[in-house]
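To keep things simple, chains are lettered A, B and C as they appear, and every chain counts its residues starting from 1.
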Amino acid sequence: MDVIRRGVVATLVFAAVTGCSVFGGADEDGDPGERTVVLVTHDSFTMKPEVLDEFRNSSGIRIEVRKTGDAGALTNQLVLTKGSPLGDVAFGVDNTFASRALKEGVFVEYRSPDADKGSRRYAVDGTDRLTAIDVGDVCLNADPAAFAGKGIEEPTRFEDLTDPKYKDALVVQDPATSSPGLAFLLGTIAHFGEQGWQGYWSGLKANGVKVVSGWEEAYTQDFSGSSGKGPRPVVVSYASSPAAELGPDGRPRTRALLFTCFRQVEYAGVLAGAANPEDAKKVVDFLLSQQFQSNVPEQMFVYPVREDVPLPAAWQGVVLQPSNPETLPAADIDANRERWINQWRALVLG
Amino acid sequence: MDQPVARARARLTPAGAGLAVAAALPLGFLAVFFLWPVVAILGLGLSSGSVLPVLTSSETWRLVAFTLGQAAASTVLALLAGLPVAFLLARIRLPGLALVRAAVLVPFVLPTVVVGLAFRVLLPAGGPVSIVLANAFFNVAVVARTVAGLWTHLDRRAEDAARALGASRARTFATVTLPALTPAVSSAAAIVFLFCATSFGVVLVLGGARYRTLETEIYLRTVQLLDLPGAAALSLLQLAAVLATLAVGAAARRRRETALALRGRAESARRPAGAEWAVVALALGVVGLLLVPVAVLALRSVSTSDGWSLAGYQALAGTGFPGTLEISGLDAAANSVRAATDATVLAMTLGVTAAVVLVALRRGRVRRASVELMDSALMLPLGVSAVTVGFGYLITLDKLPGDLRTSPALIPLAQALVVTPLVVRIVLPVLRSIDERLRAAAATLGAGPARVWREVDLPLAGRALLTAAAFGYVVALGEFGATSFLARPDTATLPVAIGRLISRPGELNNQMAYAACTLLMAVTVAVVLLVEWLRLPAVGEF
Amino acid sequence: MGLAVRDLTVRYGQLTAVSGVHLEVADGEVVALLGPSGCGKSTLLRAVAGLERPAAGAVCWDGADLAPVAVHRRGFGLVFQDGQLFPHRDVAGNVEFGLRMAGVDRAGRRARVAELLDLLGLAGYQDRRITELSGGEQQRVALARALAPRPRLLLLDEPLSALDRALREQLALDLARVLRVSGSTALVVTHDHDEAFTLADRVALMRVGRIVQTGRPEQVWRAPADEHTARFLGCGTFLPATAAGGVVSCALGTVALPGVPDGPVRLGLRPTALRSDHGGRLRGETLARVHRRDHVRLLVRLDAGLDGPVDAVAGIADAPEAGDPVRLSLDPDGIAVLSRP
């Protein structure tokens, strides 16, 4: 009997602690008359709730965010569900996956009024099915302190990393499992060309490059410039990463090597078969709005595409934009991605 | 020739009808939320390309060999480390054991990526040894708790008898205790093997780019390359390996399944004596080792490049560093507890129903093979890649009313898919080892079927039920894959928040991630202690 | 009225465990189902309890078919060989279980538990854990538990065979007393004829799923149905004989067996049929001797009359050694007359 009494007590304690569960809990689905647009995006999407609330108040549209993995996972899920889309708008398909999405007819055409304020510089093709929202750069990050300690200058270019001076300095991610890893591989392909990239990687291999699966291991553990204080002073990360590594003097402790960057562009688009296409277009407009664009840097660590949006004060002099990042046409990437990855694996891991 | 008549009569009884309805619940759940999606995605893969290139590639078979090899090694290690702990939990009465009981569950709740990082700190070389150690680290709890659940109730006198007959302690263990524990040991081994064979995060982080398994390759082909034929080929191989494992496990159980003389706990646990101290020391050593990676995480949550700091914890109380979390760490903790409650309730309902049905079927004249089939079918979700199931959902669940594909309501359902087999495996060996005549005795004394369940099964399996509930809870608390896909920003759980924090640069984010891990561990220990408190022995009961 | 088992057949898959059995147990009667292990007697008991579903036939109580009555509504008490006490309850908790199921109030339960523990010589055992009890005590508690709700029929499945010999004999007497005092109607399954004869008013002998003979204990003992049954009841030697006027003549001599109808009969000899006797007419050689509790068992080759060696008994004091000559005489108490020679 005691067991039963204890059970009752425990249940009550639980009910008190947890409140109502997802089952019983009211899904805050808002007012009955309110329109909802489902925004399908990747895991890295973040935006201040105030920004979304403001849009909700001004437009009467509630944005329901659904995250579905990284950019590749997002794109492939959109392709798989194109007959019965997961939402109305998708954001986060990047230039490495854009061609696949377009080829599969995932998006419908829509040209936002604000698209001319910078976004169209990054258009994939002439059809306006994808609207560029932000750009970011995957670059090598270096730990200046480590190099200063050894009395050698920091590397600056791709080619430096094959110099025996920088033996065992670099850690990169497997392009098969990591999105920055893929971007870095594409950067080397863009830089050295289809004929030269394998030779470059052979040089990196001979010079002791370390390959790990994910950004987390590479950056937080192997890289000497992060809190993990690993052994390697150069890592593949983002141009914006130094903004998060500020020392006591307010200056970043790490530096992005701006001649080793590959440009990633993130796009949004209205999904074919969307339940609510008209409101979906308004959400694309919102993603290009001053309000949203000006919050992009500090929320998602990327640059806004709008030219008339100033960078946040904290980024001034801290986050430098590469003047001439490497790029590859989206169609080329889509056509060759799997082959390049397999060649890379055979070369570097084999 | 009147056998068909007898069978027809059996089919018509009300008890039989009730059993059929009860069996329909877990099987229906399995059909809708597992079989249908998996068959759909495999079908799509098989129809859109040839599986031959993958099946005939020597690389594929290397993957199979490494997958099974690391899983087997991890299982053996988890068994070796788990058995002394099971002994400690089942047979020893020492102060503070409730805490040990809770502590062994902590590894289970930690996000794999974080554990992977902790192991990289401890063993920077990585590779197969790290993978096996980390897999075992996660699964020692499965062995310890599953086996202890049965061991607690094992009649000690059989061992005493063997000792009196001149058997050494080791011999007694090998010839009397271990055979009696076989149902639980093989249950645990099967679960651990499946967990390890499909382990993803650990292999990814510790295997680097070089060591890959079927699971990581299925993930790559499905999620990144959308190579569905290739993924289907690998999934079929994975399925074949899983089915073979289940068959071996079922055979082991079949050989050993006998009714055991079950006892109350208070009487089977006692203060250690003589050589038992060595086993206790060994068990405490294992627990100590389990706590090393845990300590690494806790340590990292307070260390910065400028010395010790509680900044991670302070940040966690709020929404933290700009642009990282949309809810506070405490809200995420509350979300975790809430989601895990749902999943546990659901999984306990499904799992206990399934276990009761399996026991009842065994009792009746239903063919043994069909009982085994149902038993194994319930285990399948543990052995199939979460990615396969998840992508299967994408192309099937929109046909159900309410389009669950991206709904948070799918979280407890997806979690229950993993927790239910665990519940079945923990509860079933104990239910099966209750002597059928004990139920017969209760029935002849006037207890109807429901009353027999309440008076006999429930008190005797109570401990296992609580273990199952605690386990289910902990698994659901730590679940990351399904939750990260399905949780809305405002319903993010702690593991999702940790995954988010760890993927951002910056010292504070890192510290917050580890602080969130510590919070997750604290929540786990609190929940498990609450469950533990439920089963402190009352006078005359246990 | 009481229990009537009609043409009952129970199958396990291909195996027929009980085959076309008829059996009646009258109100207040104790019937023993006696047979070697594996003969189907326990299955028959389980079928009566409702734990096995018959393939054919019926189990009736007071003329009504029990097929639609579930186990827990039959009001039959069941005691297993090894008690099967509830390990999570103390002695009182076990004994009062059936009373709780019947909705008896706490005071009523307490009184009945005390009464039964008294009856079984376990007064004051209420709060003992069952694991603290000896085997005999456990079996007494199991009996008390079965008796507590006053079952209309008590089913005992080898109730004493898990116990050691001395305890078994003592408990058999106690059990006989308890069954008599409580006026129970009971069906006892056993493979031990001593136990059956101690407890039962009537004995039903079972072999390979069938009942081969029913009768009062002394009837069955003295006149087993056939050689198989006689062997099971301890006869080792069989020989033809002729009865005339209550005197039976065979190759070993004549012996008075009143009531045996005239004509040819077949005798079954138990070891006690041949006793060592200095004045005995039968001569032979002792081949082996084994000491038993209250006598010595001999294996003897007779000089004449029978070819093979025979069993015989001798007093402890004057038992011959192996190899010694011995003289034997016939004792009618050790002789069974087969009723279907």
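Worth pointing out:
Heads up, the rule we're going with is that contacts are C-beta pairs under 8 Å (C-beta built on N, C-alpha and C of every residue); 3 or more make two chains touch, one makes a residue touch a chain.
Being a predicted model, the structure only gives us computed values, none of them experimental.
When every chain is reduced to the mean of its CA atoms, the largest separation from subunit B belongs to C.
Among all pairs of chains, A-B has the largest number of C-beta pairs in contact. For the pair subunit A and subunit C, the distance between C-alpha centroids works out to 84 Å.
The mean-CA centres of subunit A and subunit B are about 33 angstrom from one another, to the nearest whole unit.
Subunit B and subunit C have centres, each the mean of its CA atoms, that are 52 Å apart. Annotation for subunit B: residues touching 2 or more other chains are 459, 541. Residues of subunit C found to touch two or more other chains are absent. Contact with two or more other chains is made by no residue of subunit A. For subunit A in complex with subunit B, the touching residues are 2-3, 6-7, 10, 13-14, 17-23, 25, 27-28, 38, 40, 43-44, 46, 49, 64-69, 72-73, 76-77, 79-81, 84, 86-87, 100, 174, 176-177, 211-217, 219-221, 226-229, 237-238, 241, 244-245, 248, 298-301, 337-338, 345, 348-349.
Partner subunit B is touched in their complex by these residues of subunit C: 11, 13, 46, 49-51, 53, 55-56, 70-78, 80, 84, 86-90, 93, 97-98, 101-102, 129, 131, 145-146, 149, 151, 155.
By the touch criterion stated above, subunit B contacts subunit A in their complex at residues 113, 116-117, 120-121, 204-205, 207-210, 216, 219-220, 222-227, 304-306, 321-324, 326, 334, 337-339, 341-342, 391, 394-395, 398, 405-406, 408-409, 411-412, 459, 462, 484-485, 487-491, 499-500, 502-507, 509-511, 530-531, 533-535, 538, 541. Here subunit B touches subunit C in the complex through residues 2-3, 6, 9-10, 261-264, 267, 365, 435, 437-438, 440-449, 451-452, 455-456, 459-460, 540-542, going by the rule given at the top.
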